[in-house]
Amino acid sequence: MNMVLRELKASSRALIIWSVSMFLCVLTGTIKFTAYTTATSTGPSINELLKTMPTSIKALFGFASFDMATMAGYLALLFIYVELVAAIHAALLGAGIIAKEESDKTTEYLMTKPVSRAAIVTSKLVAALLNVVVINVVTLVSFLVVIPLYSKGNDISGEVLMLTLSMFVVQLIFLSLGAVLAAWMRHPRTSGSVATGVLFTAYFVARITDMSDKLRFLNVISPFKYFDLGRMVAGNGLNTGIVLLSLALVAAFTALTYVFYQKRDLNI
Amino acid sequence: MSVIEIKNLTKNYGKARGIIDVSLTVEQGEIFGFIGPNGAGKSTTIRTLLGLIYPTSGSARIFGKCCTTNPEVREDVGYLPSEVFYYDGMRVIDLLRYSASFYKKDCTKRINELAEIMDLDLKKRIDDLSFGNKKKVGIVQGLIHEPRLIILDEPTAGLDPLMQQRFFELIASENKKGATVFLSSHILREVQKMCERVALIKDGRIIKLEKMSELQGNNFKRIKVEGQSDLDKTIFDMPGVSKLENGGKTASFLYRGDINNIIRKLAQTELSNLSIDEPDLEEIFMHYYSKDG
Amino acid sequence: MNMYLHELKSMRKSTIMWTCSMIAIALVYLSLYPAIFSDGAHFKDMLAGYPASIRAVLGVTLDSVTTLLGFYSMIIAFVVLCGGIQAMNLGMSMLSKETRERTADFLLVKPVSRAAVVTAKILAGLTVFLITDVVYYAGASVIASIVKQSSYSGGLFFMINLTLFFVQLIFFAIGAVVSVFFDRLRSVLPVSLGTVFGCYIIGALVAAGKDDWARFISPFRYFDYSYIIQNSRYETPYLATGAVIVIVSVVTCYFVYARKDIHAVS
């Protein structure tokens, strides 16, 4: 418990900064919605345009099947950025929290205390998990507060809840990915860079894959593509199978984190 | 011109105390000791001298110049920090060559010489070295350009006794060749063995600056007596006696003052043993630190 | 010179990685160009119906979107994002790594002035992203000449690519100046990613359409590609703002670093 508190304290300032950024991201994005909707009234319906637009082009812009004239459709477009921000936070946090003792040269201090390595990993992961939950809740609350101010349409709280739930799973994936990288790599200090490298690759893959059916198989390496945002904003909820598979992935990464950290020759 | 000239140097860290009104000079060819407990301000003084931190007031000069305005004076300075950290992914030789590249000399021969003396494997990666071996890299690194002033901050921490000895021999020979040495330490034995003059620093202030011989000889005697029967405590009740440890038949104390007085006093008792020694620095040190100076 | 070379050496690996990723991005996107070109006619007709604000958000220029340059100016946004992160990382880590990796006691007691240290590091950083940009430019040119459907202006292609260098320069300078104000910067990546990404998202979401003042917030929006393609030059106010940011940052960097206390290892 003392270690969890220590980690929470150490990450508190970063958490505040990330939360504020997240709120601003949601706010500015939602304000922009007004520009979209007012703009649409002057021209032909965006949906009609999208219907005639080649899929490859639509995919390039990342709003393949969203109904852009509604708040929910726009939300799905905005959500790509929101999810990216949350994922970066989770990946950096996961890698940083595991690598911290070695990069701050506090390994000897902590490792000579009467605690097992497993207990150390557990405290760190619990603290990281709490951070991720906070970011997720901040996102959810931001949306729920901001959207009613700008959207006069239907209540879309349900969709927002679904989106942030799916984001939580994505956050968990990147958190555990960062952690396992930090536990596994010889120079843990670089694990943050590698984790974000993986993350950006995943993001680019997500932006590219649905341009062509031939590339769709690549979706499996991009967590950003695990959940169909279009399906969620259409009110169809989460695909339970994929949620379970994702959680299995998180569990595998977490287990490997314990294994690697246990076996690790810590750099002093 | 003095090699080191520190005048009324003060450094504040916000509210925390750094050093206050430190003044000292080190002359050409001297080995100067700088002693004080942890946190007394030794490193702060050295870092200001080297231009790593800026003084709040006062000045610190090397060869008459200030390191911050005339960084080229560091050409003649070798520095060994108390803890050494070097760039990741370099071999020892890479680091030494990089270090040598800062000076207008060819140091290749010197590198090999020093590496041999300090028993250092030049081909190893620095990341893989132990703390003591990193320290050796630090020593070689600080001496490759044959500096005229060598500044050592707790130099022997991490070195085994053999290496400590070699290191001090090395420093002594550099000194014979004309290098001035500024040795900061809390290990008094080192300072006592090496230094001609010492400054004692406590709570950021210099409390004593004296020649080693004077400091040591300076009236202080370490006296141990053993009586034939239990000693009468009142005999030691006289001016000049300090640090008295009295246990039954034996007593041990520091004495400062006219030696005849204490001899006369002791002569009144039946003794079975008596020894009078020069006190080692440690005792003087404790004397200065434990009391208010 | 020795410090400069030392810095270059230490950045070798990461430079290769960044360059390769940037070329890979260009390769992947540009390889889609022939397919998109074939959809060209429809695409162009459709975009005419879009409201201006949307066109601005997407970075699409109506007239030239089916040309290679038009298409390229959309995808270079990703490359510039990548390059911006690289440059900010470089700028931030350059000076701060001496204190972070505790090597300041080694470097700063050498007979060199702080200013000389800053100069060596800035020049090394500049060299690194100049190399990145030149190699990327060469790579992108080759790919472009392979996928092109008709001839395009090499001069404009160069001008578009040059924006990469400008944006990197700005983020590099910002990174450098931010880093000197921290006593001990534990990790660079969150700060640089946050800043660059923040600017990118602001650029994508806020600075759309005609609200010119908002474009000053995000260096990513200093260069409007449709303007460059139409006028064959950059927009002076934004170019000037960029130059001011760079100069002020670099000067501040020298000034603050020269007066900075380098504290002992804790």
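Structure notes:
Labels A, B and C are assigned to the chains in the order they are written; within every chain, residues are numbered from 1.
Just so it is clear, a contact is a pair of C-beta atoms (placed from the backbone, for glycine too) under 8 Å apart; a residue touches a chain by one contact, two chains touch by 3 or more.
Everything numeric in this text was worked out from a predicted model, so none of it was measured.
Greatest Cα centroid separation from chain C: this falls to B. Measuring from the average of all protein CA coordinates, the nearest chain centre is that of C.
Centre-to-centre separation between chain A and chain C, using Cα means, comes to 24 Å. Remark: chain B and chain C have CA centroids separated by 51 Å (rounded to whole angstrom). Centroid to centroid, with C-alpha atoms defining each point, chain A and chain B lie 56 Å apart. Across the assembly, chain B contributes residues 88 that each touch 2 or more other chains. Those residues of chain A that touch chain C in the shared complex are 14, 17-18, 21, 25, 28-29, 32, 35-36, 39-40, 42-44, 46, 49, 52-54, 56-57, 60-61, 78, 81, 84-85, 88, 92, 96, 103-104, 192-193, 196-197, 200, 204, 208, 211-212. Residues of chain C touching chain A in their complex: 17, 21, 25, 28-29, 32, 35-36, 39, 42-43, 46, 49-54, 57-58, 74, 78, 82, 186-187, 189-190, 193-194, 197-198, 201-202, 204-206, 208-209.
Within the complex formed with chain C, the residues of chain B that make contact are 43-44, 47, 50-54, 71-75, 77, 79, 81, 83-89, 98-99, 101-103, 141. Residue ranges of chain C in contact with chain B, taken from their complex: 2, 6, 10, 101-106, 108-114, 116, 259, 261-265.
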